[in-house]
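For reference, the structure discussed in these notes is given below.
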Amino acid sequence: MAEENRKLAIICSKGSLDMAYPGLVLANSALSYGIDVVMFFTFWGLDMVTKSKMNELKISPVGNTSMGMPNALAVIPGVTGMATSMMKGKIAKLDIPPVGEFLDMIVDAGGQLYGCKMSVDMMDLTKDKLYDGVIDIVSAGDFMDMSEGAQIIFI
Amino acid sequence: MAEENRKLAIICSKGSLDMAYPGLVLANSALSYGIDVVMFFTFWGLDMVTKSKMNELKISPVGNTSMGMPNALAVIPGVTGMATSMMKGKIAKLDIPPVGEFLDMIVDAGGQLYGCKMSVDMMDLTKDKLYDGVIDIVSAGDFMDMSEGAQIIFI
Amino acid sequence: MAEENRKLAIICSKGSLDMAYPGLVLANSALSYGIDVVMFFTFWGLDMVTKSKMNELKISPVGNTSMGMPNALAVIPGVTGMATSMMKGKIAKLDIPPVGEFLDMIVDAGGQLYGCKMSVDMMDLTKDKLYDGVIDIVSAGDFMDMSEGAQIIFI
């Protein structure tokens, strides 16, 4: 079990499938260790908690040297979809839930989810378009309050 | 107001418009809460404080699945410029200043800006090419000193 | 010298040459200041400690607006290789070691390296394919234990 009052504040700023999971996995692990978790979704990270997008996150082989695919091939229509399907298959095979279910688990375990006001405004979103588990839309200043004494992780 | 001596050390390693703003917004919010802020610009993040580039940062729809643009379309000449103009418009509409002005605000509020020596050397830069508010060019070791006791955020 | 028990926990999630070095440089600097360092390699970051890949990391000019290369040009076969060679040349010129040697230095200085179990499973890797200095393959929960009281940096 964690030291008393240990807290993790995770800023999720990316909306790709491969950069969504690290935040979800860290949040879930921390909660299971009795660590308080606040997640702050900002910029592209809002996609992770946008109802119409959260289960449709993609992975792009373009510009990702680790996927070992020549860029000239990776830009061909359909390749992003193919790479996304492959990664989703690998994730499911490891019994890791899709994004929406993973968020449910995190909320059930006590994780606190917030959307970033500036990003919500920039993307013309409203609270009703966000995942129901998002507590509120707050400012970066509010995040400063919430993350006092926390280990901050920016993804 | 923040607990006494709360400190944020933000490492900015990206030079794209969308990854420049999170650091600026967090720094500015922290300062307005009385939190000490050190910003360390390294690798591509040096673009944020390079005079000739800081107000010309771009956003690339290629390889960014959140922008929802097929890569085959996103690589067409002019599309990066178009996406950049659109995002700059949205930022301005929210009364968020351009990068240069935002840095002025942060410096005026007491934020401390440093360039990374290794990156400056790698990119053949010199201090006079950097934004005037950059206090000094320092090593990663110096950053270790400055970030003692801080919450570290790597962007 | 650092305050007693200062600890840095670095999560490396990227496998590109430009995002591998920040973690290596920070780890190395921290160790030279007497700070404890744990490195946790996850997702694409596993490439940094995969024997067959760690000295073949690449940099992609596609989707990287800081490299100033039009995407339509950057996707041409051979351009990624050319950009990679250029950056490797600049790194060598600054007397910064290649990834494998840099890891040796970090391990010799007491840095503790761990692979992420979920990512290892996802990528069908086994411990023998990883760099010998990797102590073990551990879960995100184990990382929570190791990072208690640490400054966490997610790259």
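Chains here go by letter, A, B and C, matching the order in which they are written, and residues are numbered from 1 within each.
The rule we apply is simple: contacts are C-beta pairs under 8 Å (C-beta built on N, C-alpha and C of every residue); 3 or more make two chains touch, one makes a residue touch a chain.
Computed from a prediction, not measured in an experiment: that's the story for all the values here.
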Angle of the C-alpha superposing rotation, chain A to chain B, to the nearest 5 degrees: 120
Chain copies touching (chain A, chain C) - same or different residues, decided at half shared: different
Interchain centroid distance [CA atoms averaged], chain A/chain C, Å: 22
Chain B, residues touching no fewer than two other chains: 62-64, 74-75, 151-152, 154
Contacting residues of chain C [partner chain A, same complex]: 11, 13-17, 42-44, 47, 57-60, 62-64, 74-77, 79-80, 118, 121-122, 139-141, 143-145, 147-152, 154
Contact footprint of chain B on chain C as seen in their complex: 2-3, 6, 18-19, 21-22, 25-26, 28-30, 32-33, 35, 62-66, 70-72, 74-75, 90-91, 94, 96, 151-155
